[in-house]
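One chain, chain A, appears in both complexes that follow, with chain B as partner in the first and chain C in the second.
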Partner chain A sequence: MRPLTEDESKVAFEKLANYIGKNLVHLVDRQDEPHCFRLHKGRVYYVSEASMRLGISVARPNLVSLGTCLGKFNKSGKFKLHITSLDYLAPYAKYKVWIKPNGEMPFLYGNHVLKAHLGRITEDTPEHQGVVIYNMSDVPLGFGVTARSTVDTRKLDPTSIIVFHQADVGEYLRDEDTLF
Partner chain B sequence: MDVSDILASQASKNKSILVVEKDIPPDVDAGFLTVTDLNVIDKESYDHERETYLQSTARDSVQLLLSSLFSLPTLSSPEGPFAQLPTPTTQLPRAKPLPKPKPLTKWERFARAKGIHSQKRDKKVWDEERQAWVPRWGWKGKNKEEEAQWLHEVPANADADYDPAKDARVARKARAKQNERQHLQNLARGARHQLTATANYVVGTGVGAGMQTERKKEIDRTLATTRVSTASMGKFNRALEGEKKLRGVKRKFDPIERSVETEKSASLALIKKLGNDVRGSSKFKKDGDGDGKVLNVRKAVRFASGGRGAVSLALKTTTATQYGSDGKGKRKMQGKGNGRLRWLPTELYTH
Partner chain C sequence: MSDSDIGDDEDEDAPITASNFEARSLALDAMAAREAQLDAQELQLVGQADVDEFEGAEDMDNDEEEVDAPEAVGAILPTAEEREDEKRVGGPEVHVVQKRMRECVRILKRWKVYGVKSGRARSEFLEQLVLDIANYYGYNVFLAEKLFQLFPVTEARSSEPYEAIEFFDANEVPRPVTIRTNSLRTRRRDLAQALINRGVNLEPIGKWTNVGLQVYESSVPIGATPEYLAGHYMLQAASSFLPVIALSPQPHERVLDMASSPGGKTTHMAALMQNTGIIFANDANKARTKSLTANVHRLGCKNVVVCSYDGREFPKVMGGFDRVLLDAPCSGTGVISKDASVKTNKTERDFTLLSHLQKQLILCGIDSVNPASRTGGYLVYSTCSVAVDENEAVVDYALRKRPNVHLVDTGLEFGRSGYTSYRGKSFHASVKLTRRFYPHVHNVDGFFVAKFKIMKRAKKEKGEDEVKQGVVMDEDGPQEEIRFDEMGDGQYIQEAKRRRLKARGLRVPPRSHAAGAAA
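Entry: the complex of A and B
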């Protein structure tokens, strides 16, 4: 476990900012309890200071996980968000997509969101923007990246992809072995 | 009073101090002021009284050295007598490695291959006319004899302006020049040979490949040096396209146990910087967000729709055409535009 270097923080923050924009400040500067980002075995954890201090005394090979895993760095230095970060992305998401009940299961099995399944979408969503995906009763299901801007989606046919799948809560079951 | 007994006893005492008796006589090298005692250490006394034992052996050795110094021939001087030290007998190891054999010249290699043993030419040659040894070349050299002679033989078919002295001089200069060229070539060949020998030893490849890897390594080394040769020791260099990370630079991490406050302020500063970058970088620029054009489409849409967005504008036109020109009353779902999120009529999306 160690703090992130400046380059690593930059990469991670850029990825998070793609979903929550300026609200990233609220993650760093928490009112309730100070939190920090820690890197352990290539994964970035969002930890409260208290549990981080407890975790210091655990030797690296023995430490499995601490706090909330936000994602991991791949070997080429890119940062990939895990579904576990949804708890922090959902409250601060800038752009949201709601999907209809008939589109929930396909999305939760790891498929992209089709136009036919689109319930509603935040206005002015640009292309290739990170969005959080909710069902119609406002339960966050995952997140993805928009394929088209809101304006462009109107012209598309119902089978075309609107949001590229990035992570969904189905991964808690599907990738149980590798996720944590 | 007879003091002979006292003197004798004193002398014997002194003698016992002055004469050192050992199983193997220690090796005294007065030239280096060194005594080497090869006797076996007496383990018992060494274990029991180490200090006294060491001191006694050291005293004996020093005694030997001093007595050898006093037996040396002396020089008297205003400061007192000086002993003349003999040349050292101990062989010291060489400080520098043995010189490497010089690379062979082209001729030497040829001669060795053919088994030619040429005698080394003397620098001087016997001049029969002058009856003296004269240098082969250089000042008053034998090689200038031809051009310096007072009478020249001229071939029958020579031109009218033929100058035999000048001709001989030009030929001599040409020979010197050729020799110089061959010498340089030999040097270059020798250097190349040595280089490839080491490179081949390391890499174990052909001659050309060894040269190439060596040159490449040299370039990499120079590049690495230049990258850290800025005022900030390379810290604030602008990263070039396709530039590789410097090798052999250790990563440094912040301590884990830093106060979260400082970490937070660093993160916030980074986010702020990131935010500034966001404005400039194309990655974070939204479409139509004033990308160098005169019209900022995004801003224009916001202005034209009264902050309701592009979709509301589109809706307005469709509703106007469908339901008449008033365009009112059919847009309950859209709300009044202070929030961003709005219900859109689903028929727009589902046909």
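Entry: the complex of A and C
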């Protein structure tokens, strides 16, 4: 477990900013309790400093996880957000997409969001923008990247893809072995 | 009888006075007589119902007198040849066993009435009953006997079913599916509404928990709904609420869960602590920490550190916890309905090894607690087993080994209190504060919960401690003071000296000389 290096922080923060934009400062400078980012076995954990200090006493091979896992660095140094980061993305997300009940299950099985399943979308979403996906009762289900801007979606046919799937809560069941 | 019947009707609710109490007592006598008659009829009916499938007892359906005939009662037990025959054909037929079990139970329950006349020993009936249970329910004989002995054979009224048989029957039936609302994400009412909309039929479990829901039937898989994936609830047996309720962790505490996978109890604790403080969730099995981590993240618990140590390393890794939950690895005799392989694969050795491990773990757990904690200083020990040597015996061991520890009330409203004496072993009197749960009584998995309060270690002079112990031992009035007796012990001292010299490889003087010197 160690703090992120300059380069690592840059890569990770860029990825996070893609979803929550300027709200990133709320994660870095928390009002309630100081939190920090820690790297352990290639994964980035976001954890309160008090927990981190106590977690130090656990030896490296025995430590499995602490706080919330945001994502991991792959071997080429890119940062991939995991579904576990949804807890922090959802409250701060700038752009949101709501999907209809009949689109919930297809999305939770790892499919992209089609126009037919689109319930609502934030008004001025640009193209290739990170969005958090909710169902109609405002439960966050995952996140993805828009394929078209809000304006362009109007003219698309119902089977075309609106949001490219990146992560969904179904991964807790599907990828339990590889996620952690 | 008719007179007393009338009296009965008239005075049922009236207060007892000098004028009517004779009539009342007559009425009660009559009622007892009627009940006895009903019992007799019931027995006869049972005998009649089964007689066609049991050729050996044609005479049974005729009359109660004949049922009680010594030969008939004795004939229930198979002879040695019959047993051999049964073995040859690969065990007796199911209905024969069933019938024999019922008869044995009936006789044992009213041993004074039926059994004494039979001329057979009571132990013979017991032995046969255990064998039949093992056969009928598919247990190995060792485990069948172990579980059977949990429920003492009492001279109960014959209308009451026999408890051990009830227990074995309950193990064949699955317990209801229950879920726990994750209060970090939603409220029980909202969750219930959301699930009802998906076609799930559910209801609150009971008054003792405000987060539990019992699922009756569901048109969708309950472990894969969007609500489940979003962490609004956890699939969790009702019994595993109990240790967490007993522990009742408070916000801003430091808590240890020594054997936590798959995380049902850990996440429950995090919810009770409202994501403050810190929870160390430990599990010795690294593969199982994956599902633990997944559940911790899915339910949004942010104050959890997951680690993978052997639980016995714990006070060394970290101590000073306000509360510790030890849900010890166990034989699983309480969850046979979930995992039937327990019936056959547990032997005496497993129980010895497990209780040894549990004893080590509980001491480690106690040592990890901070006795100076302002809010806590508690340890909860729980198992999903009903065996006494994994439960009361372990608790008793901990009480003996750690004098600064005592049992406190678990705070659970239901459950039976633990045994203070069991088959010749007697435990500390406070063991009755522990709680046992049975599938046939409470409709939860078989479970055991004990709550300890850890106090500061009293600093005592060494001599003082010894004196105190002497007082405790001293039960039959004042005794002679025990002190060092140089004359009597000289021989032993010499002997010990010899041994010490020998161990060092030195030559020792011959024994006769040493003994003579001592004398």
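Simple rule for what comes next: the second predicted complex is superposed on the first by the 180 of 180 C-alpha atoms of A that agree within 3 Å, B and C clash if a C-alpha of one lies under 4 Å from a C-alpha of the other, contacts with A are read in each partner's own complex, and residues count from 1 in each chain.
Simple rule for what comes next: contacts are C-beta pairs under 8 Å (C-beta built on N, C-alpha and C of every residue); 3 or more make two chains touch, one makes a residue touch a chain.
All of these numbers come straight from a predicted model, not from anything done at the bench.
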| item | value |
| --- | --- |
| Overlay on chain A: chain C relative to chain B, clash or fit | fit |
| First (chain B), second (chain C), both or neither touched by A:A93 | neither |
| First, second, both or neither for A:L81, with chain B first and chain C second | neither |
| Superposition-derived angle with apex at the Cα centre of chain A and sides reaching chain B and chain C, degrees in steps of 10 | 110 |
| Partner chain in contact with A:F180 - chain B first, chain C second, else both or neither | second |
| Which of chain B and chain C A:C36 touches, first, second, both or neither | first |
| Touched partner set for A:V58, first chain B, second chain C, both or neither | second |
| Partner chain(s) touched by A:E127 [first = chain B, second = chain C, both, neither] | first |
| Closest approach of chain C to chain B (Cα atoms, Å) | 17 |
| Common interface residues of chain A - those touching chain B in one complex and chain C in the other | none |
| Chain C partner contacts - residues on chain A that touch it in the complex | 47-48, 50-51, 54-55, 57-59, 62-69, 84, 87, 104-105, 108, 135, 137, 139-141, 168-170, 172-173, 176-177, 179-180 |
| Residues of chain A that touch chain B when the two form their complex | 1-3, 5-6, 9-10, 13-14, 17, 22, 24-25, 28-29, 34-38, 49, 52-53, 56, 96, 115-116, 118-124, 126-127, 149-151, 153-154, 158 |
| Chain A contact footprint on chain C (complex, rising order) | 194, 223-224, 226-227, 229-232, 254, 278, 280, 286, 289-294, 296-298, 300, 302-309, 317-318 |
| Of all residues in chain B, those that touch chain A in their complex | 251, 253-258, 260-261, 263-264, 266-268, 270-271, 274-275, 278, 284, 286-287, 298, 308-312, 314, 340-344, 346, 348-351 |
